[in-house]
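Chains here go by letter, A, B and C, matching the order in which they are written, and residues are numbered from 1 within each.
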Amino acid sequence: MSMLWTRTPTPRSTIGSPPVAPSSPEAGRQPAPPATPTGRLGPAAADGEGGDRGGTDHSGTDHSGTDRGGTDHSGTDHSGTDRGGAGTTVAAAALVGLLLLPFLPLVLASLSQGYFHPQLLPETWSLRAWRLVLAPGAGTWVALRDSLVVAAGVTLVSLVVAVPAGRVLGTRSFRGRRAVEVVLLLPVLVPGIAVAIGLHVTFLRLGLAGTLPGVVLVHLVPATPYVVLLSAGVFANADLGLEDQARTLGANRRQVAWSVTRPLVAPGLAVAALFGFLVSWGQYATTLVVGGGRVVTLPILLFASAAGGDTAVTAATALVHALPAVALLVATARILGRDVPTLGGAR
Amino acid sequence: MSALLSDQVRRWSRDDTVRTWARLAPALVLVGVLFGGAVWSASSRSLGVGAIGSPGPSLDAYRRLLGDPEFWPSVALTTHVAVTSTLLSVALGVGAALLLRRVHFGRRSLTTLFQFNLPIPHVIGAVAILLLLGQSGFISRLTAGLGWTAAPADFPALLYDPYAVGVIVQYVWKEVPFVGIVALAILRAAGDDLETAAATLGASAWQRFRFVTLPVLLPGVLSTAIIVFAFSFGTFEVPLLLGASYPAVLPVLAHQRYTDVDLANRPEAMALAVVVTLIVIVVVLVGAALARRAVRRAGA
Amino acid sequence: MAGGPDPRDWPAVLAAADGTTVDLHMWGGSTEINAFVDEVYGPALAELGVELNRVPVADTADAVNVVLGELEAGRTDPGSGVIDLIWLNGENFATMRQADALLASGWAEHLPNAAFVDWDDPAVAFDAGRPVAFTTSPWGSAQFQFVADTARTAPQELPRSYAELAEWIRANPGRFTYPAPPAFHGTRFLTQWFHELDGDPDAWVEAFDEDRYTEVAEELFALLEELAPALWRGGATYPNEIADLDRLFANGEVDLTFTQLPAGIGANIDAGVLPATARPFVFDTGTIGDHHYLAIPVNATDPAAAMVFADLVLDPVRQAIKLDPANGWGDGIAVSPDRLDTEQREAIDAVTAGLGDQAVPPAELEAVRTSNPGAELTVRLEADWDRRIRQGRTG
């Protein structure tokens, strides 16, 4: 059994493939914090070993998405993982189909009018809901703008604090590292409603309640830890030895940072930033309480719409809310996909 | 090493430590102030400190909370939702990973599509499930079309029901890809040399899973399970949309008490916030300790 | 600027409002109403240099809480609040009045278009049993009606009183429910039932009789408890909002829903929210009709802009537009026909004449109209409903 552990499964090019983007919380939260939830696979994954996080994949990325000829370990057929035929494909397709099924009534409802039971396909197709939702004066645009502004603010601030912190967490071993990781993990796990309730009165007194900056601040609570811990993973996996080599060759610090470090970590940090963005994008409870109804982001608008009886409009609003998130995910995947060979490929 | 050199080393490590903590400081301060501030504020207000005209710290709010007839049913429901969602997500997620791992034709597209609903915010998922599983929802219309049900009332009540089925379905729907992707990544990184070896030695599929695959997955999946639990316990918007009127889950209860026009209920709302926070923290720490023990045992 | 701008000097108010934004917090649960406000009032305001920021709230009480929270946090000075205007009535009005959160300068009396409002009418001058005293300005009026689907239920089968409704529920188990109080329509539904059992709705407008309340409430809740198993989902859960009830109704899960629109449900049918065969009706024993208002918080930042908006909506032409369901709303008028000139009155009459059977005839509405009771009654009913019905606790 001990054989299993000596082989320290290094998550190579973890940031390589279509990243697992989280919406509200999890996907980013996952095994990345190796301290508390023990992500380590075993004693061989010792501290300080270039920050090997013992096999737990930071961004839970899936390599199969970008099978870059040969980087896939289990690509070749092993009897241990019987490569399935059409049967497994069908089963997997059914699984995926089930997961995507809920979007179907959403799309259908958005394109219909009077879509009551028992109509399976709408009797009356109509663009009314989309026209209402996308109308120039509709609340959708304001909500979209506010959601974007807040999420961008959250992403920016968390990146700024996450880069130095992540570098240190990912590459150095020091006393108290585990404690830091725990401290960073808690805000992600604690219910947002509790945090929002806790902060609200103070924000009221500070005049932050009902303002965009106030909402940005409260979103930072769940978002920053994600970005920090993911950045840690990025730095852990980056081949930072190249920095020393560059310096040996005479490059000064700025040149090193720009020409060596940046290409190494930028794609991964982009993923971390994406996570931060998505955490903020999907926040409801925190925006509801701290925004005080005055800051209307897309989740707030969507919820109000769901309570408002016009199912078609609600469905259309939901799709508007979902689109940027999915688009961002796809875009990042494409960016990262291109850079995979340069990313930790040396490992 | 000469004394001079060791001094030098010591200075380097001291500088290093300073630099380390300096680099960590912004993040820690940011999180500390905001999160710590929230916890501190909720805690002190729950003890009655800081409110206008309050006589001083007291456990009144907590006493009232524990005596609140909706509190204990709420705890039970919330725990049920969280535990069930976690167990189902983990089981199905790992199963999905094992399945996807074996897919040959179309693996890349299927795996990509598998992750599709990860960036989807929960509010959207809740609305989608609402339209899908309601008694007059899409599935109900399908069964009506097939002649299995006639009126909406013939379709089982999966939403607003006492077991929070709709809520659990929504959580599982979101978390299965999450758990699945993590499991896939772990399995990919681990490679299947050992499983091959085990198979060569005559181990059955079940034995291979139980003694080779599972231990590899366990640590990562356990930590993922903790996260899923914390999340299912603390989410607010999904039960608000898909849950029954009574009892409300703890996060919804906290919000109700907080937005009550009667401001005297504020301390109780704060107490609820504190209680919910504590429960999650305790579960996380206990779960992490258990996970560590399991890993150690498996690694022996 | 103690007491806010003085509308008697209207040009000054217009000047002060020019270039500002009015932050209107109103219930956002109806896409059609939202669109109406944006499209009908927005451009008109823009012409006056005022930008409309319509902030949808899920529950008016949320907006009230924001103001109360601000006041509690010490932000009481004019210009320190985030809300300029709240659409409210009833309990929410009472709450703000009690907390002295309303701009109480009597501004509503002196708006130019206030001339069209009959402030002598108790239906306007009193809200939830309290004198409005010009602290809020009327926007429109509403009356509670029931809605049935003629394709499913013949008119003669419909209940015409709460007593008949109880029978109807027993005869059609699982086919009826109501939004959980304190949702607006749920509370009103409950209050009307209370009134029918009590027999004297007017008595509750200004006074609250504790003994009488206990007696009637006991009867009411005992009845509700007895009927609960015959409700939708066996009474184990109730829809949160009127929109949820509308959805159940439209999809055939229940057979009745409610509306507040005096001009009928034409707008809802056009929007595809209610089936085309749906028709409103009232109980012979009475349904509550009242006005709804616009309130300016005492710490509003742009009270001048708020006053401009409040005045704008009282314009008789726009009131007629609001009345017509074809424009997306169908809300009742707040202006008194007696105070309008011939042309304005004709515009309103034309709308009323063209309503068809998607509305209850105005004469019938008026015949069964009862007053909105004092807030004490509704608040008690909500609390007791929550305890006895939602939580299932007896006593």
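Everything that follows uses one rule, which is that a contact is a pair of C-beta atoms (placed from the backbone, for glycine too) under 8 Å apart; a residue touches a chain by one contact, two chains touch by 3 or more.
Just so we're clear, the structure is a prediction, and the values are computed from it rather than from any experiment.
The most distant chain from subunit A is C, comparing centres defined as mean Cα coordinates. The interface with the greater count of contacting C-beta pairs, when A-C is set against B-C, is A-C. The geometric centre of subunit A is 15 Å away from that of subunit B, both derived from CA atoms.
Centre-to-centre separation of subunit A and subunit C, using mean CA positions: 43 Å. The distance from the centre of subunit B to the centre of subunit C, each centre being the mean of the chain's C-alpha atoms, comes to 40 Å.
With touch defined as above, residues shared between interfaces to two or more other chains in subunit B number as follows: 136, 152.
Those residues of subunit C in touch with two or more other chains are numbered 62, 65, 72, 240, 247, 251-253.
Subunit A has residues 116-118, 201, 303, 311 in contact with two or more other chains.
Within the complex formed with subunit C, the residues of subunit B that make contact are 52, 69-70, 134-136, 151-153, 157, 160-162, 244-246, 259, 261, 263. Residue ranges on subunit A touching subunit C, taken from their complex, read 112-118, 124, 126, 128, 132, 135, 137-139, 201, 204-205, 207, 209-211, 292-294, 296, 301, 303-305, 307-313.
Subunit C meets subunit A in the complex at residues 23, 25, 28-32, 34-35, 38-39, 42, 54-58, 62-63, 65-66, 69-70, 72-75, 82-83, 240-244, 246-247, 250-253, 271-273, 275-276. Contact residues of subunit C toward subunit B in the complex are 61-62, 64-65, 68, 72, 95, 174, 180, 233, 236-238, 240, 247-248, 251-253, 390-393.
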